[in-house]
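Both complexes below contain chain A, partnered by chain B and then by chain C.
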Partner chain A sequence: MAQIIIYPTTSLILSDLVRRFGHEPLVMMEQIREKINTVGIDSPPLNITGQEPKKGLKYAAVEVPAGVRGRMALVGPLIDSAEAGIIVDEPDIAFGCMGCARTNELTKYLIRQRDIPLLEIYYPRTEDEGKEFVKQIATFLKELNNNSKNSESEEEAN
Partner chain B sequence: MSDEQNSTDLPIYDAQKRRVDRASKEKSVKIALLSCGSEYAGVQAEIESAAKDVNAQLVYPEIPVDELENIGRDFGLEVASPDLKLLMARAKSIIKGDVKVDAVLITTCFRCAEAAIVRNEVRRYIHNNINLPVISYSFTERTKAATLLTRMEALTTVARRKTLLSREKQKGLTVGIDSGSTTTKAVVMRNDEIIGEGWVPTVKVIDSAENALRDALEEAKVSKEDIQAIGATGYGRFLVGDHFNAQVVQEEITVNSKGAVYLADRQKGPATVIDIGGMDNKAISVDDGIPGIFTMGGICAGASGRFLEMTSKRLGVDITELGALAVKGMKENVEMNSYCIVFGIQSLVNSLAKGASPEDVAAAACYSVVEQIFEQQLQEIEVNEPLILVGGSSLIEGIPLALGEFLNVDVLVPPNAHLIGAVGSALLASGYVEE
Partner chain C sequence: MKPKRVIKISSEDEKKKDNITRIIVTNSESMLPSDVMMKVYHSSSDVTAKETCFGTMINGPIESVNKVVEDVVSMDPNHIFVKDRGFLPGDERRCRSSRGGGPRPGFHFLREEVNTLPLISKGLEAYYKGESPSSGFEAKQKLDAFKLKYIIESEEM
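Up next is the complex of A and B:
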C-alpha cells in the first residue's frame, strides 16, 4: 500500500479509485476533518485561523496571498508525505476543486518536484476517454502494488 | 492585572457590550458575503464576528454548480480560480433577484491580482445594477474583526436607516462630537447653524471630548442641560457616546458623507467625499448624501495627516502654516523615493540638505499624500463631481491644490470642513429631537 497524493486534492472519485486498489489517498477532506474534529480554542467548524497562512510560509513566500498559504498549510504536508501521485489536468469543477488557481498551480508544481512515481492525465470529456482514464489509473495503481511487492521480495532475498 | 489597567479596560468592555446590545435591538440586516479565500486565510471567523456585532446575518447566495462553467463568458470576465467564478455567479444571482439581501460585502485575498480585478468589477457591476450598499475589502491573515467593524457598521446603517440619512436640515439644539485619532472636535448647532465649536488634541478620549464640548458650549453660550440630542462619531465614538448618553453613535463613513454634502450644500445627486484623517483616509461615492461605494485606508501612515504633521515639525512650522508654504513650492524640486512615513520624511530631509526650499518640501509632501490616495483609494470608487474634500488636512491648501491637479477637477472644500464629523453627528442627532 502506498500513500498517494491526488490532484484535485478534493476529488471524491479519484480518492475512491485509489482506495479500491488498496492504497491510501492523501486528500484535503481528511485534513479538514482532522481540523474540525480536533478540539481547540477555535471551535469547529471555524478552526482554520491566522496560524495556517503562517504555517503555509513553508511552501509559499509572504507576498503570496493568505488564502493560498492557508490552503498550502493543509495540502503541503500531504505532498511531503506522498509516495506516489496522480494529477488530473483540466478537471471539471464537479470532479474536485480547491477554489484557487494559484494554489492549484503551486500544488501541481510541488507534486512534480517530488521524486515519486507520478501519473499525469487529462480529465476525460467523452465516454471512451472516461474508460481509458479509469484504465490508465488502474494500471498505474496496480503497478505500484507490483513494484512494492517486488521491492519487498528483493529485500527478503537480500 | 493592576487596578489601573482594570479601570482602563472596563469602560471599553462596557462600551463594546452596550454597542452590541444597541445593535441587537435594531432590525437584523442581511449581508451577502461574496468572498474568495476567507476561510483558508483564517479570517472567516473575524468577518462573522464583526457581522454579529452589528446584528447582521451573512448570506451566501446558492447557485447551480453548472452555472460556474459559463459565468466567465456571461459576466465577461474569464478567470481561472473557481472561487472567483463562484463570487461572480453569486453577484449575478443577487442582481437577478434570486436572493434578497440588504447589502453586499466583497472580500478577497490581499496581493492576488486575479481577485483584485474580480473584486473591482463585481463591485462596479452591483453598484450599476442594483440599489444596494456595497463595499469591498482585501484581507491578510492579520485582518481582525475590529478592522472590519466600521465598514460593517456603515453597511448596516445605510441599509437600516435610510430615513435618518435623508435628513437635510438640522433642527433644535444638538451637539456633535467627533472623537478622532488625532483631534477631538465638538459643535453645538441650533436650527441649521453652527453656534459653537471646540477643537482639542485627543489625549484621553473622554477628557478630550469633555474639553471640546466645554469650549463649544461656551462659545454657543448654552448649557449642557439645554442640549436636546447628541451624536458621536470617530474612533472613540463608543466610549464618548456611552459617556454622554448619545442618541446617535455612528461610524465616520456615514456621518462624514452626510456632513460633507450638508456643509458643501450639495445634498442632492452624486458626489465624492474624501476625508484625509490623522490616521486613515476615507474615499466615499455618495448619492443624495448616502454612501454607496467607499474605501477606508489605514495601513500606511505615509498617506495620512500624520505625514503632514511630521513634515511641518521637520520644517519647523506650525501645521496650519504648511499649506501656505506648499502653494508657493515646486514639488518637482524634491525627489521622493518612498511613500513610507519614515523613509518619505528621510527623502524630504535629504532634499533640504541638498538645498531644496521649505516651500518645495511642503509641496512634495502634499503631493505624496494625494498621490497615494489617488493610487490606493480612488481607483476603488466612482469619482463623481463635485469632489468634496473634508477633514483637518483639507485646510492645508497644498492638499486640495494637488488633488485638483491630479484629477483635473475643481476640489470643493466646504466651510468648517475640519468639523465634518461633528457637524454630521449633530445633523443626524437632530432626527431624535422631539417636536
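Up next is the complex of A and C:
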C-alpha cells in the first residue's frame, strides 16, 4: 500500500478511488483533523495560526503571501511523504481549502518536482471520458502494486 | 524567566484524537440516503451519524467508522463514495446554523464533484466488466475568435 498525494487535495472522487484500489490517499482533511484536534493554547484551536506561515517557509519564499505559506504548511508535509501522485489538471471549480490559485500552482509544481510516479489527468465530461478516467487511475494504482512487489522480491533475492 | 504554560490533556481530548469523520455520498438509483442511515443504525457501532443534504457524516473511533463504512459501501459499491472530513459534524466553525446560513466552506467543490459521480459510477461498472472506452479524453478547445465575433454580431442583430 503506497501513500498517494492527490490534487485537488480535498477531492471526493480521487480519495475514494485511491482507497478503493488499495492505497492510502494523502488528503488535506487529515491535516485539518489533526490540527483541530491537537490541544493547544488556542481554544478552540484556530485553523491557521501564526506558526503556519513560519513552517511554510520551507516550501515558499518569505515574499510569498502568508496565506500561501499557511496553506503550504498543511500541504507541504503531504507532498514530502508521498510515494506517488495523481493530479487532475484544470478542475473547473476549486473552492474552500482549494481556493488559492497560487497555492494550487505551487502544490502542483512541488509534486512534479518530486521523483515519484505521477498520473496527470482531466475530470471527465462525457461517459467515455468517465470510463477512461477510472481505467487510467486503476491501471496506474495497480502498476504501483506490481512495482512494489517486484522491488520487494529483488530485495529478497539480494 | 517566564514560567512555561502547562496544557493539560484530558482523556476526552485523547479520545477526540482517535476519532475520525467520514462523509458518505450516495449516487444510486436504487438507494436513498435514508437507507444509509438505517444501515448505520442497524450496525449498532459506537458511531455518531448525521444526515445532510449531500450525504451522511459518520463520526467515531477509527475501527468503528471503518467497519460501518465498509458495511454501507457493500450495499452498492459502484454508487457509494466516501471521503474524509477534518471537522466534526456540526462543528461551529463550519456548520451553517451558527454561521448565519449559506453554504459551508467546501460545499461548492463537493457539489461539483457530486455532479460528476454518475460518470465515475459508469466508469467503475465498465472497469469491473472489463469494457474499454471507445474513445479517450477529448482536448478542451478554446473558443475560436471568429466564432465569438459571429456570436456577438448575431446577438446585436
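Everything below uses one rule, namely that the second predicted complex is superposed on the first by the 150 of 158 C-alpha atoms of A that agree within 3 Å, B and C clash if a C-alpha of one lies under 4 Å from a C-alpha of the other, contacts with A are read in each partner's own complex, and residues count from 1 in each chain.
Rule of thumb we're sticking to: a contact is a pair of C-beta atoms (placed from the backbone, for glycine too) under 8 Å apart; a residue touches a chain by one contact, two chains touch by 3 or more.
Bear in mind the structure is a predicted one, so any value in this text is a computation, not a measurement.
**Student:** Residues of chain A touched by chain B versus by chain C: which partner has the larger set?
**Tutor:** Looking at chain B versus chain C, the one contacting more residues of chain A is C.
**Student:** For A:49, using the defined touch cut-off, is the partner it touches chain B, chain C, both, or neither? Pick first, second, both or neither.
**Tutor:** first
**Student:** Touching A:9, do we find chain B (first), chain C (second), both, or neither?
**Tutor:** Neither partner.
**Student:** Who does A:107 touch here: chain B (first), chain C (second), both, or neither?
**Tutor:** Neither partner.
**Student:** For A:124 in the superposed arrangement: first (chain B), second (chain C), both or neither?
**Tutor:** In the superposed model, A:124 contacts chain C only, not chain B.
**Student:** Identify the residues of chain A that lie in both the chain B contact region and the chain C contact region.
**Tutor:** Dual-contact residues (chain A): 93-94, 97-98.
**Student:** Where on chain B is chain A touching in the complex?
**Tutor:** It comes out as residues 36-45, 48, 65, 68-69, 79-83, 85-86, 108-112, 114-115, 139-142.
**Student:** Along chain C, where are the residues that touch chain A in the complex?
**Tutor:** Touch residues, chain C against chain A: 5, 7, 9, 13, 16-17, 19-21, 23, 25, 81-87, 91-93, 105-110, 112-114, 116-120, 122-124, 126-127, 131-138, 140.
**Student:** Note which residues of chain A are touching chain B in the complex, please.
**Tutor:** 42, 46, 48-54, 63-71, 74, 93-94, 97-102, 104
**Student:** Under the stated contact criterion, what part of chain A meets chain C in this complex?
**Tutor:** 8, 10-13, 15-17, 19, 27-33, 35-41, 44, 47, 90, 92-98, 121-135, 138
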